[in-house]
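Here chain A shows up in two complexes: once beside chain B, once beside chain C.
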Partner chain A sequence: MSSNIPEFTEDEYDFLGEITNMAMGQAGSALAEFLEVFVELSVPMVKIVEAGQIIPVLSDMTQEYKEVSATRQAFYNSISGEVISLFNKDACVAVADLMGYDEQLDPAKEEELILELSNILVGACINGLGGLIKTEVSFSKPAILCERMPIKDLLNSVFAPEKLNWDYTLILKVDFKLEEREFKSDLLIFMSDESIEVLRNSSDKFL
Partner chain B sequence: MSQENIDSPAFLLHQGITDSLNIGILVINRARKIIIWNKFMETYSKVKAKDILGKDLYECFPELPRPWVERKLKSVFLLKSHSFTSWQQRPYLFRFPHNRPITGDVDFMYQDCAFVPISLKEEEVGCVCIAIFDVTDVYIYQSKLDEASETMETLEKLSQRDGLTGVYNRRHVEKELGARFKEAREGGKDLSMMIIDLDHFKKINDTRGHLAGDEVLRKLGHLLLSDMRKEDIVGRYGGEEFIVVMPNTQMGSAMEIAEKLRKAIENMAVVYENEPIPVTASIGLSQFRHEMLDYKEIIKESDDGLYKAKESGRNCVICP
Partner chain C sequence: MALTILTTDDSKFQRNVIKKELTALLKDREITFFEATNGLEALSLLKSEKIDLMFLDLTMPEMDGYQVLGKIQEEGIDIKVIVVSADIQPKALKRVQELGAVGFVKKPMDGKKAEPIILKSGVL
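== the complex of A and B ==
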């Protein structure tokens, strides 16, 4: 199995890191403009992971979270994949006013808000990525994975070994924080075979 | 459909396709004027395209949740990205009738919506296309699924419980005991259990009637459920016999628990038709030992203890 894993050169990793960083920057400023608040970004992570290692790698990447709410959303076209968006458990409450939800947050509103937020972040990030490598991307509608669940339980249920029918995946991880608010979100972008090739080819053109 | 370029063949083809879709298509421009209103929208809203094209969306449909729609539009125009709504959070955007008047048991069409940015010139998002999907069938299937899983859950619970006393039935408690026995044998864990038998229960039934007997059983069931620890497994073993499985418990603490329970039963106030019924119980206790090969052996030993407790004058705990 491991012989099939594509090897990225250091330059290619740098390239991926760089375009992810730029896409995240665009997403960050779009979000800042939309919410009218300052968005803090950090350095994205780029990693190729084997199926068997996915839980420990993700646990390591998401150490900062205890309980999370999460969504998933697919994107497709010449690059395709899935994004899992993680939010700290009180993220909804922290941004309700910015998103125009001044009403009491009942469970349906909270779900709507979290879907809206992840759709915005995913859309901005993936569109940014698509723009940089000059390809259009389409999106499926986002769906709730869990609400206020220990991150460990989420990872164990989503990545239960019997469900994994792939060998390896490329993970791009970006995170967003809002100034002076209890808001934190991580996007875990997963891409496989063909999309990895598309990214690699576009990096060839750039380098 | 749109008023412009109405004679171009390509436009007519697009219009034909848009109108034949089983999806609602509504396009509005930055000024919130309606640009496209397809057949699906005409049919369900009973509003003709020719009457509203070029007019303000909110003037035509004042019942729309304006602040919410605006928020959606703002994010699409500004972020140049799709936005979605799901029937699970917001059942519909336009309140349309549904297609299942006979078999539906629903009041309106459940809708998923996609808000799609449309760029007419480079870069700039000129219009937003709102696509409305009829997902009433999905709603109905989901409700049936939810109902079915609730029923399954209730059935599963009912099938484990004794109807009169609320504690587990014999089948379930034996299954649990079997599992704990295996853990004790293979995992080296402690395990104790006891059988509780009401003293002179037949006399209560004979003198005060079977309903009085039932009341005693019900009370004892409640007492066991409230007094035993969370990890203990409480079941009804036979007529007036109850069983408590105590995982991770050595004989010493099991003895204390049993003795405390015996006293609690003695002090239990059972009143039937305004007259108290005095109740005591005898308890047989046993502990897992490695020479036991089958969970039935640990039950047998509790049973022996119970027999001796009855022999030695009842209202006592004995470990053989």
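== the complex of A and C ==
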């Protein structure tokens, strides 16, 4: 199985990291504009992971979280895949006022808010990625995966071995934090097979 | 005389984009490129070489772009700096202007977008 895993050269990792970084910049800017705050960005992560290693790898990538609310959203076209958006458990409360909600959020409002934030971040990030490699991307609607669940339980449930229909995946991880607010969100972008090749081969569109 | 340009970015891909765009934009000029992968390398090149124009990334290991701009001001180094950034929030733009950058372009750098800033910088 492992012989099928694509290997990237240092230059290809650099390129993938940079297109992710530019897409993250666009998503950060969209969030900043929507909430009228400054969004702190960090360096994205790029990793190819075998199915059997996915839970430990993601646990390691997300160790800043204890309990999370999360959504999933698929995208498709010449690149296709899925994005899981993670939010720290009090993210909703931290930005409720900025989005015109009361800080006393009922579960329905909380869901609405998480879905809206996911839509903004995922839309800007994946459209950013698509724009950079000059391709259109379509989206499904985001769906709630969990609310205030221990991250460990979420990963064990979403990535249970019997649910995985791929041998390996490319993971692009970007994260967003807000100044002076208890808000943190990570996007975990998963792509496989042909999409990986499309991305890998798109560097000649720039150079 | 050749124009000397320093590109500062930890990504080779981004440095190559800048070189390609500038080579196409300034095709009548002879350009000598210097490259730095972090702020410390860039500062050392600014001291050892005669550089006309510098392109600077913000997010880098060792010393980031904001720190480089700070050092340039602090040490009174005479160099025009154009920031090339993936972070395109107004606050990032404002901060680099305050730190003395002559311009701000988003990544991937587009030569046509950089042209008016290069003209304004007066290095040509």
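Everything that follows uses one rule, which is that the second predicted complex is superposed on the first by the 201 of 207 C-alpha atoms of A that agree within 3 Å, B and C clash if a C-alpha of one lies under 4 Å from a C-alpha of the other, contacts with A are read in each partner's own complex, and residues count from 1 in each chain.
By our rule, a contact is a pair of C-beta atoms (placed from the backbone, for glycine too) under 8 Å apart; a residue touches a chain by one contact, two chains touch by 3 or more.
These numbers come from a predicted model, not from an experiment.
S.K.: With both structures lined up on chain A, is it a clash or a fit for chain B and chain C?
M.R.: Result for chain B and chain C: fit.
S.K.: Now for A:Leu41: first (chain B), second (chain C), both, or neither, which partner does it touch?
M.R.: It touches chain C, and chain B stays clear.
S.K.: Could you look at A:Ala32 and tell me whether it touches chain B, chain C, both or neither (first, second, both, neither)?
M.R.: second
S.K.: Once chain A of both complexes is superposed, is A:Gly100 in touch with chain B (first), chain C (second), both, or neither?
M.R.: In the superposition, A:Gly100 touches chain B alone.
S.K.: Just to be sure I read the superposition right, which of the two partners does A:Ser203 touch: chain B = first, chain C = second, or both, or neither?
M.R.: second
S.K.: Of the partners chain B and chain C, which touch A:Asn127 in the superposed model: first, second, both, neither?
M.R.: first
S.K.: In the combined three-chain superposition, what is the angle centred on chain A between chain B and chain C, taking C-alpha centres, to the nearest 10 degrees?
M.R.: 160
S.K.: On the A-aligned overlay, A:Met22 touches which partner chain: chain B = first, chain C = second, or both, or neither?
M.R.: So A:Met22 only meets chain C here.
S.K.: Considering only touches as defined above, state whether A:Glu112 meets chain B (first), chain C (second), both or neither.
M.R.: After superposing on A, A:Glu112 lies in contact with chain B but is clear of chain C.
S.K.: Could you say whether A:Ala74 touches chain B, chain C, both of them, or neither, answering first, second, both or neither?
M.R.: Touch status of A:Ala74: no partner.
S.K.: Please work out whether A:Asp14 is in contact with chain B alone, chain C alone, both, or neither, and reply first, second, both or neither.
M.R.: The second partner, chain C, only.
S.K.: Between chain B and chain C, report the minimum C-alpha distance in the superposition, expressed in whole angstrom.
M.R.: So the smallest C-alpha to C-alpha spacing between these two chains is 13 Å.
S.K.: List the residues on chain A that touch chain C in their complex, please.
M.R.: 11, 14-15, 17-18, 21-22, 24-26, 28-29, 32, 38-39, 41, 43, 132, 203, 206-207
S.K.: Can you name the residues of chain A that touch chain B in the complex?
M.R.: The touching residues are 30, 33-34, 99-100, 108-109, 111-112, 115-116, 119-120, 123-124, 127, 138-139, 141-143.
S.K.: Under the touch definition given earlier, write down the residues of chain B that touch chain A in their complex.
M.R.: Its residues touching chain A are 67-68, 71, 74-75, 78-86, 88-90, 112, 114.
S.K.: Enumerate the contact residues on chain C facing chain A in the complex.
M.R.: Interface residues on the chain C side: 11-14, 16-17, 20, 59, 85-91, 106-108.
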